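Read through the structures below before going on.
Next, two complexes with chain A in common: one pairs it with chain B, the other with chain C.
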Partner chain A sequence: MSDGASGGLSRRGLLGLAGAGVAGLGLGVGGDRAVIAVAASATAPSPATDVYPFYQEHQAGILTPAQDRLHFAAFDVSAGTTRAGLIELLQDWTVAAAAMAAGRDIGDFGAVSGPYDAPPEDTGEALDLPASGLTITFGFGPSLFEDADGVDRFGIRARRPDELTELPHFPGDMLEPGRSGGDLCIQACADDPQVAVHAIRNLSRIAFGRAVIRWSQLGFGRTSSTSTSQATPRNLFGFKDGTSNIKAEEPGAADAHVWVGAGGGPAWLAGGSYLVARRIRMTIETWDRSILREQEAVFGRDKGEGAPLSGGTEFTAPDFAITGRGDLPLIGAAAHVRLAHPTRNAGIRMLRRGYNFVDGTDALGRLDAGLFFISFQSTPENFTAVQLNLARHDALNEYIRHVGSALFAVPPGAARGSYVGAALFA
Partner chain B sequence: MSDGASGGLSRRGLLGLAGAGVAGLGLGVGGDRAVIAVAASATAPSPATDVYPFYQEHQAGILTPAQDRLHFAAFDVSAGTTRAGLIELLQDWTVAAAAMAAGRDIGDFGAVSGPYDAPPEDTGEALDLPASGLTITFGFGPSLFEDADGVDRFGIRARRPDELTELPHFPGDMLEPGRSGGDLCIQACADDPQVAVHAIRNLSRIAFGRAVIRWSQLGFGRTSSTSTSQATPRNLFGFKDGTSNIKAEEPGAADAHVWVGAGGGPAWLAGGSYLVARRIRMTIETWDRSILREQEAVFGRDKGEGAPLSGGTEFTAPDFAITGRGDLPLIGAAAHVRLAHPTRNAGIRMLRRGYNFVDGTDALGRLDAGLFFISFQSTPENFTAVQLNLARHDALNEYIRHVGSALFAVPPGAARGSYVGAALFA
Partner chain C sequence: MRARLLPLTAASAFGLLALTGCVANTPADSARAALTVDSSTDACTVSAQDAPAGTLSFSITNSGDQVTEFYLLAEDGLRIVGEAENIGPGLTRDLVVQLAEGEYVTACKPGMTGDGIGKAGFTVTASDQVVAVDDDLQAQIETANVNYASYVRDQVAQLVTGTDTFAAAYVAGDFDTARGLYASTRSHWERVETVAESFGDLDPQLDLREADLEEGQDWTGWHAIEKDLWPADAEPGFAAYPAEERQRLAGLLVQDTATLNEKVQTLSFTLSQQTNGAIGLLDEVATGKVTGEEEFWSHTDLWDFQANVDGAAVLYAGVRDILVAKDAALADSLDAEFAALQTLLDAQRVGDGFTLYTDLSPEEIKALADQVNALGEPLNQLTSTLVL
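The block that comes next holds the complex of A and B.
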């Protein structure tokens, strides 16, 4: 997997190595030309110098150990963009994403080496920063295949998987159109927020005239672990949640629950996945006035250790049958851990990869804060089944509000010399 | 300075140490009781385990080596809050801030040790995290001394320094009231955003019924260095700016330019400073379409190294006299580095401590991004003089818009057993 050793090199150092003798302007499918990728163990935590290869069987940013920071953007393809224009955009995005994942700036000339009479190809704010574990993950929304007016803009309607439709309305949903949907999405994760922001900004810039950001979200702290080497972080309710998340080290789990199988959908999506994003606003102030017993009852976990209320430690399996005083179950019927648990959902598991967010303060002085939920699953029906269960019964609903929602099909990883989603247009 | 060794201890570990035998509920002026502070060198970079003492001559978060992340909040005191109520709030804030700066959760019982029939005293999302270099800095706005109706709510109008009035309107200002002003401010800086967010959230919660957040701002990346041990970071224009910032290691610089001297204002403010905050939106998309030559001319610096266009390297003093082709100065008359330079501003210097921000996307799909500028100076007149110069002439104005503004008097550090701002109410 390793084309060269670049662990500690900054973008400029790499530019120096790669730039000599390179001619030509503009972005294209560069393939092997200047991509320097270093294989990184999927099980190691990712320090700032980690580099995850972009060209892989599956897209990076799914099983990759969850990085600390997120910038997520949904795009709408601009009116007038043709099928050829969309393909060209995906090609340009692929080349740029591979360069940034390798810790390089984008384009042939990058940010600072001129020509002086043209805008720099790269915006430059990540020039001195290492790759910082950056992964860039692309997805296709239902509206890419058929827009709101039923128009098949790009000649791909016939290739839309049956499952790729808007998610149903769930009880309690208070979705804002400006935070929902989108023709395309890009998830940029890194251990340095400046690197994630730089990635979305430059990909948005590349899209100029072809696609425009519909909404975007920064996440400052991961709320999930996707590797056994990572500690379970806390959400803004102060709890460890998602302890039983799918981990990269679990043999067979990703094949069973995350990747679309060869027979599980259209061929172009085999080895891909479905990404669900939900902006979940937490009513922090109400939660903070609830008593500790109520908080623990809502999650069904002890707040300190994250152990299920049925006993044990964080990773002890919850016992939903065990009862306490008055023969009431220690983990209540409406407890989040019970309702979300695979054993209560026909064995359904998802790979969760969400982030805490705070977007300042609303007009009443309350923090606009919560969880930007992201999950990957082999079919969106798995998310829908679990979410219906939660939306109807979860005690947590008193303290949260789903305000944004989107679904994307995530194609498999691109082969070197090709581009993300190529099989869809083949 | 060191009361105990706590470098690698989590909040829970510290809670275990400090909590045994502590009785009583509620917040009060705890002074020495459970504050564990470890002196940290002002010149060292701050890894996550750094702990900066809260009780110091000057408040922390000014000369402290600039941490990576920011959460800043401006508060308005609620109607009906008395002078005694305001003092009590400052006392409660002081105790809580000292605990959090030491890496502990707040209150006598904290987040998870009960009582189970009361809301936890600490919200808990930073439980497993180290102090992460957290500093919490408090300030008093002009309206605290006299509100918009001319009312002296807290009996302190007579003690208002003459300089503590709203900043003047600068040419080009497009200020939004919802992002400007405030009776009080809290600047929380840390190397982990979850720690900074936790601090503002818990201080806001303590203020319930007494003060409410007027506006708040997250910053994801520092844009200034306040120590010679730190590299100059890049702003979202991709440039190194503020190279000549005041550094903690410069003998006499802070006394001359940052701290209010004994004879320079009211006695209660001696050893304090003035904090100016400006939310500066960058019109990223316009900038990104400008040519490299224009970008470098605007700043008066080379984009790659940050060297002045008159030659040398990043830390070479700019030569404003030297000319090139056509006898034009290499650093133009409207270049930012020229207009902001102390030699062009009667020797005025400020300690800058700003942060990059991205708050998602606006209705046109443009990043709502820019610089949250923070400066500390011995008198706000210094800021005003420089900003008038910049607002009138700076070539950068074509690409930025000041949309938020606030000024606060920052009292000196609290003595152990006392509280921040005590001298104002003595």
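The block that comes next holds the complex of A and C.
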């Protein structure tokens, strides 16, 4: 293994693997917020006290029950950063992410215990807050392997999986460059928005000089459930969408549809996945005044319960053959549930993990709102196949437009003492 | 008159509040009677056999195992006063109707065939709510339907003529003439856009924007030609189309427009197709024109804007008499909002055309967008107000 996993301090001296090891004891290093919070609320467990281990076989934040809040950031690696510099950044990020996921401040001294004449290592806005189920998930974009000028900046071009290329242009795409692409990504999810923002803020601070945020997105309400223990939430159209999402409890589903198998790509990506992010703007005002009949026809579901229009309750399988008046199917040919359904996409499923967003209003006074779609799949071709089907035919296209897009390869989880993506540089 | 501009939920919430302060059996003005209907395999059970005149809501649950319908019929058991169709097994749907004093019949139709089952009398008793009964309604609707069909045929006929002239100039390389005809010819398309869009392949062949293409798809129609006529904003390296490509695009444009013309000859319309058509036209304005996305190369979006509004205004004018009888306040509101939007558009007139979208100030664009929303809200009440 390269110098990356040696456990040494980074050149900034800001973070160290040693610090993380000591902090694991929960004594004297930084503020162990999780321990404090768990103790304080021992009688009333709540999602806020959830702590998900960072060092796992697969990265957390994928099959983890979807938290309520998101801060997602795409980064560009700065010009001049070398391969060794990139590795060092990933090591620093790994250590900091592990600390924050455990509910601790970053650094040896944290937010308030350091030298009085030095800037605090941790920015401090998560002091007194529990871990809040924070997960931090890292990904590598196509441009990390080969930039727009065809340069192999980090000596990893030969390791780029064939599937890791820019997604194709889909009909209706109105992508903005400033909301698309990126060399690296970090998805921070938590049940407290301040905890998620704290994570991205500190990780981007660590990256200064080595990588900068290209774009970022806040999400405030999960739009899918990744566990049978969660109720299906509603998107900003007021509908339950993603009812048939992959759930952590489904045996074999993640292996079949989410994780890259041992023989399914380069060895460094085995146990990883592909993350697709799409910023989907909703034309809220037009939708809001559309009649209920239209709204339900567009989704193919009943708005109140989320049941398919073919009948039953939310989790009843849609019956695409059943017809009503005029022998027309109750779930129309262009209905979203029909076009997105695995049975209409050669059995393709993906794990959706999107969030609602409202970023104020646009120049026309309209809500800048929509769905920040995130999906994880074993190959991006699965997303492309389903999205092409939707982009061509979906009745929902009248009310949405895709304005941002990015694809990242998500490496497997890091082993303790190593760092995220180590196998790529081995 | 009920407070029409309030959304239904707000109106009913107000009703509940009012009720709590009243004696239980004297509903306030804005209260509506809520009934439930259980449509099972062999029965059609309504929770009450009578209700006071005014706004009534029937919440129909399909407890059977087939798709069902619920009908509210006139006393003769034949004329449909209200209906809820396509209710899947296990689903519940609401039917909201305004009923005048009188005798009615309720029935369900599980399986959606036959005469229906569980026919039962339903009495609407007198109340202080006035519900207009207009025996001429059906004749007025028939007239509106016929008139709109002839409007569509007329617009498409003008589109055919204009397209032929435009295509000839384009093929001949007379770009100045073609540019001069582009927006005004397209206005005939935009006036009936929601109708034209209903023909599966014709709409993408004629009106697809470049962003709507999928990779490798052949780009034809108005906007492909538009880019060649106004290449100023095209990507670096964009080359003017050779003569044979102009010939091909112009030929397809003429041919597809002629096909459209054939298809509209036999069209007929229902009332809901008209009211929803007006809504659809304004949606087109809200999503494509007011944002400057439709005419990406020529920036003649305001011509399309005006044409969409023309089309919506024609649809509205066709049903306005019916609306006045049913809900004069909604008609007043629509009259005012249409006029306000037209005032804003008129302010941008230049000669026999309009200001280019790129020459509008952000404030002017926002004012237009705001007025589209102001018109859109009452306009989208048309279907529920007019259609049974």
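As a working rule, the second predicted complex is superposed on the first by the 380 of 426 C-alpha atoms of A that agree within 3 Å, B and C clash if a C-alpha of one lies under 4 Å from a C-alpha of the other, contacts with A are read in each partner's own complex, and residues count from 1 in each chain.
As a working rule, a contact is a pair of C-beta atoms (placed from the backbone, for glycine too) under 8 Å apart; a residue touches a chain by one contact, two chains touch by 3 or more.
All figures in this text were calculated on a predicted structure; none of them were measured in a lab.
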Name the contact category of A:I291: first (chain B only), second (chain C only), both, or neither.
both
Which holds for A:R214: it touches chain B only (first), chain C only (second), both, or neither?
first
Is A:G304 in contact with chain B, with chain C, with both, or with neither (first, second, both, neither)?
both
By residue count, is chain A touched more by chain B or by chain C?
B
Contacts of A:H169 with chain B and chain C, given as first, second, both or neither:
second
Thinking of the overlay built on chain A, is A:F315 touched by chain B (first), by chain C (second), by both, or by neither?
neither
Looking at the overlay, does A:A391 come into contact with chain B only (first), chain C only (second), both, or neither?
second
Figure out whether A:P115 sits in contact with chain B (first) or chain C (second), or with both, or with neither.
first
Of the partners chain B and chain C, which touch A:G365 in the superposed model: first, second, both, neither?
both
Chain A residues contacted in one complex by chain B, in the other by chain C:
285, 289-291, 302, 304, 363-366
Quick one: in the complex, what on chain B touches chain A?
12, 69, 71, 73, 111-120, 122-128, 178, 192-194, 197, 201, 204-205, 208, 212-218, 220-221, 231, 233-239, 284-285, 288-293, 295-296, 302-304, 356, 358-361, 363-367, 369
Residues of chain C that touch chain A when the two form their complex:
62, 67, 69, 85-86, 88-93, 112, 211-215, 217, 276, 279, 283, 286-287, 290-291, 293, 362, 365-366, 369-370, 373, 376-377, 379-380, 383-384
Per the touch rule, the chain A residues reaching chain C in their complex are 168-174, 283, 285-286, 289-291, 294, 302, 304-305, 307-313, 316, 322-325, 330, 363-366, 388, 391-392, 398
